[in-house]
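What follows is a pair of complexes built around chain A, which joins chain B in one and chain C in the other.
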Partner chain A sequence: MEQRNSVDREGRLRVVALQLAFMVVLLIVWHAIVAMGFVTRYLVPSPVDVGKAAYDLFQSGVLWKSVGLSLYRMICGYSVSLVLGTLLGILLARNWVAKATLGSLVLALQSLPSICWLPFALLWVGIDERAILAVVILGATFSIATATENAVRNVPPIYLKVGQVLGARGFTFARDILFFAALPEWLGGMKLGWSFAWRSLMAAELIRQDALGIGRLLEIGRAFNDVPMMLASMVLIVALGMAVDWGIFGVLERQVRRVYGLEK
Partner chain B sequence: MAIEVKNISRTYHAQNTKNGKVAALGPISLTVREREFFAILGPSGCGKSTLLNVIAGLEVPDTGEVLVEGRVVDRPGPDRAVVFQEPGLMPWLTVRENVEYGLKLRGLSPEERRERALQYLKMVHLTKYADARPHQLSGGMRQRVSIARALALEPRVLLMDEPFSALDAQTRDLLHDELQRIWSETHVTIVFVTHNINEAVYLADRVLIMTAPPGQMRRIVRVPFARPRDKALPDLGIFAAMLHKEIKEEVAKVAARELDPDWTPASPQQTLDPAAGI
Partner chain C sequence: MVQKQAIVTFGLALTASAFAVSLLGVVSTAQSQNKSFRRVRVGLMPTLTHAPAIIATAEGKFERAFAALGYGFEPVILSSGPAIMEALFAQRVDLAYVGPGPAINGFVRSAGKEVAIISGCSANGVAIVVRQGAAIANAHDLAGKRVAVPALGNTQFLSATAWLNSLSKVAGSEAATRVIPCSSSDAQILLKKGQVDAAWLPEPWPSQLEAGGEAVFLTEEKTLWPEGRFPATVVVASRRFLDENPQIVAEFLRVHEETVSTLQTEKERYIPILAGELGRLTKKSLSEKVLSRALQRIDFSTEVMRPQIERFYQLSLDCGFLRRAANVQVCDMFAEIRRKEDHTFELMNVGHR
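So, the complex of A and B:
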């Protein structure tokens, strides 16, 4: 068993090393292509130019301000959609009237990219922060609801029987058994919801004119024909998205799956 | 009388039948005595699990009622514990916490819970794994924990629905003897649903043989062997073969109903062989 674990770890290390090497090679090739003059430098900057642009953003304090603002919006919007989506999902899973009525609506709304709500949001709540928040909330709520619904539905019936026999009823049952039994799948839904919220936020920030944010940085770069800055913003968007996806949700999910014995 | 089943029947809704209903069980009446080991045998789908669930209070019958120690069953209660075919251990809790959970709901203090959980884990020889997670245990060990969890509630009646049918033969043999020992130590009344005729003959005081669905009582058979019993004893095999013949008749009724009309029962010579089913 121990031996297999160490083999697993070795294998994982090898994969990480390969990934890093691939990135480095990619950067070198990119740099070489630009340096050898195959492309117009003004349209395709080298990685060094992008790094410089990122450093400038960092120096001027704009970077932190943008990251801070974007994350702040994410946390506000996402918390709301987590609560709303979870409640809605539980309702859909446990109440067939809700499922028959709200269920199809949720399904329909899920296929509408949430950025399509922006014009509406601007009309309703005006050109202000709340319009962005509305788009973020709408972006994540329905996918979280659907995932929560499935998570609750997929709880193996044996736990319902065991819970009843042991004397867990009502709220006690929901807190002690339903919650934990649904947790792995629900976490997957939370992760998905986060990435939807992130996409929605970036789209909204690109379109809205008056507030800072990472998406905004990209648009500012375009306005000033500053391609390095555009690329630096894009790298930042990817990096932040991945950091939360892997660093928070990925780790949480893996931890839970390990405790439950769903993976080694 | 530990359990009195009075005129129980149960019908389910089903889309694929003529009248949208399927009669699953009964009407059936029987009594299980105090400290008895009572086994239930019958063709698949005859309502064995339904009967057990009604006694457990997990399902409400259409007609009739069940009394456990004189009290009418209307919901699951602390006097009845159930062991299912699946262990159903909660993977987010350790083995000990699994056993403790029902006790926690009964309001026992943490010290009492811990002590009692260890006492019953000891009874199934798993104290070493008290702090392990369920996924670290083998199938047989998990079922042991499930039995410990049920016994820790100190119920009057232990209801078991094919508890060993997912286990390999060796593990099952071990658990047969463990269960007999536990039964004699705890004085609990056991109702034991199984498909395994030999298991029923080896373990039970009496065996209920149910008819093809909707399951009614075909016969209750007293198992005439003194304990401790020896699995290798030819008498047990002959007795099992006798029961096997009866159940086969009921199974044939089910098959005749469900399979194509060209189906006929296999030649009876095979089933009369006393060694069959050993």
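So, the complex of A and C:
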């Protein structure tokens, strides 16, 4: 058993090393292509130019302000969607009247990209934080609801029966049986919701123009013909997205798989 | 064996990625090399400070002038200065009417390789209007207020940001002022809802807002300039196009200068055609009364106003929108075309004189 683990670790290390090497060589090739003058420098800047732009953003304090604001919006909007989406999902899974009525509505709204709400949000709540939050919440809620509904529906009936036979009722039933049975799939829904919220936020920040944010950095770069800054903000968007995907959801998923005996 | 295979795969993956990067570069540099029938593409915006371009286009003057040289003409209508510079970078326009702010930006960002200012088009014609009941009596009261401008990074964005920054420095307070880019119809809604207190716009939009009762006239931007006069729109050329086609540019400038001078002397005569064209391009109906009032605030002139343009450059630096680059001198931005005695054309950089 111990040996398997160390072999696994070695394998994982090798994958990480390969990924790193690939990135480094890719950067070198990119730099070489630009340095050799195959492309117009101010349209396709070198990685060094992008690094400089990122450093400038960092030094002027704009970087942290933007990252902070974007993450703050994500945390606020996503928490609301998580609660709303989960409650809505459970309702849809457990109540056929809700499913028949609200269900179709949720399905319809889910197929509407949330950024389509922005013009309305601007008209209704005006150009302030609420418009962006509304778009983030609308972006994540319905996908979380759908995933939660499926998670609850896909719980094997045997678990529910056993739970009932053993006397679990009401809240105890929900907490001890339903929650644990639905957790892995629900977690997948949470992750999906986060990525929907992230996309919605970036789109909203690109369009809305009166507050900082990472999406806005991209648009500022564009308005001032500053391609290095545009690329720097894109790298930042990717880095943050991946950090959350790996650092939070990846760890959570692995933990759950381990607890459920799906991974050692 | 396995390792060898892995190395080959790694190499393949790398080649594919390198190919993608170079493809990106090729796409961005080698477009529009269509050698067959060439059209001269002129970028412009549907606002009144671009009136000479709108009139010369509507009356077919550009078309006829270029046809005489064996070229076609294509007007490229865009909604903001930054969008026009983007089109110039992407080689989608050859010549363009644009505000000095984006022109300077494009010049500096491309290290002087893309953009040259070849003429003036209009001076002034930018007004600040305020929401009713906003308690703004003069331009100094704008400190701490929210001001709508037409687009992120355009000339009014620069002017408004620079002005508000200068005010908050005086007041010593953190700049709670905000400059909000939005379309003119959004500005109308935001003024009505009290979400912006003022709008800093080129004509005819301030006059339109005044006429609709949404806003009250505060002042003209020219009153904030020491000279009492500043460029609202200039004419720029793609550097490459200028180097390769001085004759076309000379012909374009002849039409441009002619249109500017007749427009300046007979503004009223052009009101119907401007109302029709602006209405068609912006899908907004503009009354002739509004246009007449708006035109009074604009001074159409081909004067380039170099000191003011250099001041705009300074403002861009002060606001942090541009960084001073060692290899870029703003005086290199101005170019002029001279007809020589043997009827050929000579391109001159006039900035150093």
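In this section, the second predicted complex is superposed on the first by the 264 of 264 C-alpha atoms of A that agree within 3 Å, B and C clash if a C-alpha of one lies under 4 Å from a C-alpha of the other, contacts with A are read in each partner's own complex, and residues count from 1 in each chain.
The working rule: a residue touches a chain if its C-beta (ideal position, glycine included) is under 8 Å from a C-beta of that chain, and two chains touch if they have at least 3 such contacts.
Since the model is a prediction, treat every value here as computed from it, not as a measurement.
Q: Kindly classify A:Asn225 by the partners it touches after superposition: chain B alone (first), chain C alone (second), both, or neither?
A: second
Q: Touch check for A:Ile33: first (chain B), second (chain C), both, or neither?
A: second
Q: In the overlaid three-chain picture, which partner chain does A:Leu206 touch, first (chain B) or second (chain C), both, or neither?
A: A:Leu206: touches no partner chain.
Q: Is the number of chain A residues in contact higher for chain B or for chain C?
A: Comparing touch counts on chain A for chain B and chain C gives C.
Q: Would you sort A:Leu192 into first (chain B), second (chain C), both or neither based on which partner it touches?
A: It touches nothing on chain B or chain C.
Q: Can A:Ile158 be said to touch chain B (first), chain C (second), both, or neither?
A: Touch status of A:Ile158: first partner only.
Q: Just chain B (first), just chain C (second), both, or neither: which does A:Val25 touch?
A: A:Val25: touches chain C, not chain B.
Q: Kindly classify A:Val259 by the partners it touches after superposition: chain B alone (first), chain C alone (second), both, or neither?
A: It touches chain B, and chain C stays clear.
Q: Do chain B and chain C land on any of the same chain A residues, and which?
A: No residue sits in both footprints.
Q: Can you list the residues on chain A that touch chain C in the complex?
A: Touching chain C: residues 18, 21-22, 25-26, 29-30, 33-34, 38-44, 56, 60, 122-123, 126-128, 209-210, 219-220, 222-227 of chain A.
Q: Which part of chain A faces chain B closely enough to touch in the complex?
A: By the definition above, chain A touches chain B via 156, 158-159, 161-162, 164-168, 172, 176-177, 180-181, 183, 259-261.
Q: Could you pull out which chain C residues touch chain A in their complex?
A: Going by the criterion above, the answer is residues 10, 13-14, 17-18, 21-22, 24-26, 28-29, 82, 85-86, 89, 102, 105-106, 109-111, 113-114, 146, 151-154, 178, 180-182, 186, 189-190, 193, 195, 320-323.
Q: Would you pull the chain B residues touching chain A in the complex into a rising list?
A: Those residues of chain B that touch chain A are 56, 58, 76, 78, 80-82, 84, 86, 88, 90-92, 101-102, 105-106, 133-136, 149-150, 153.
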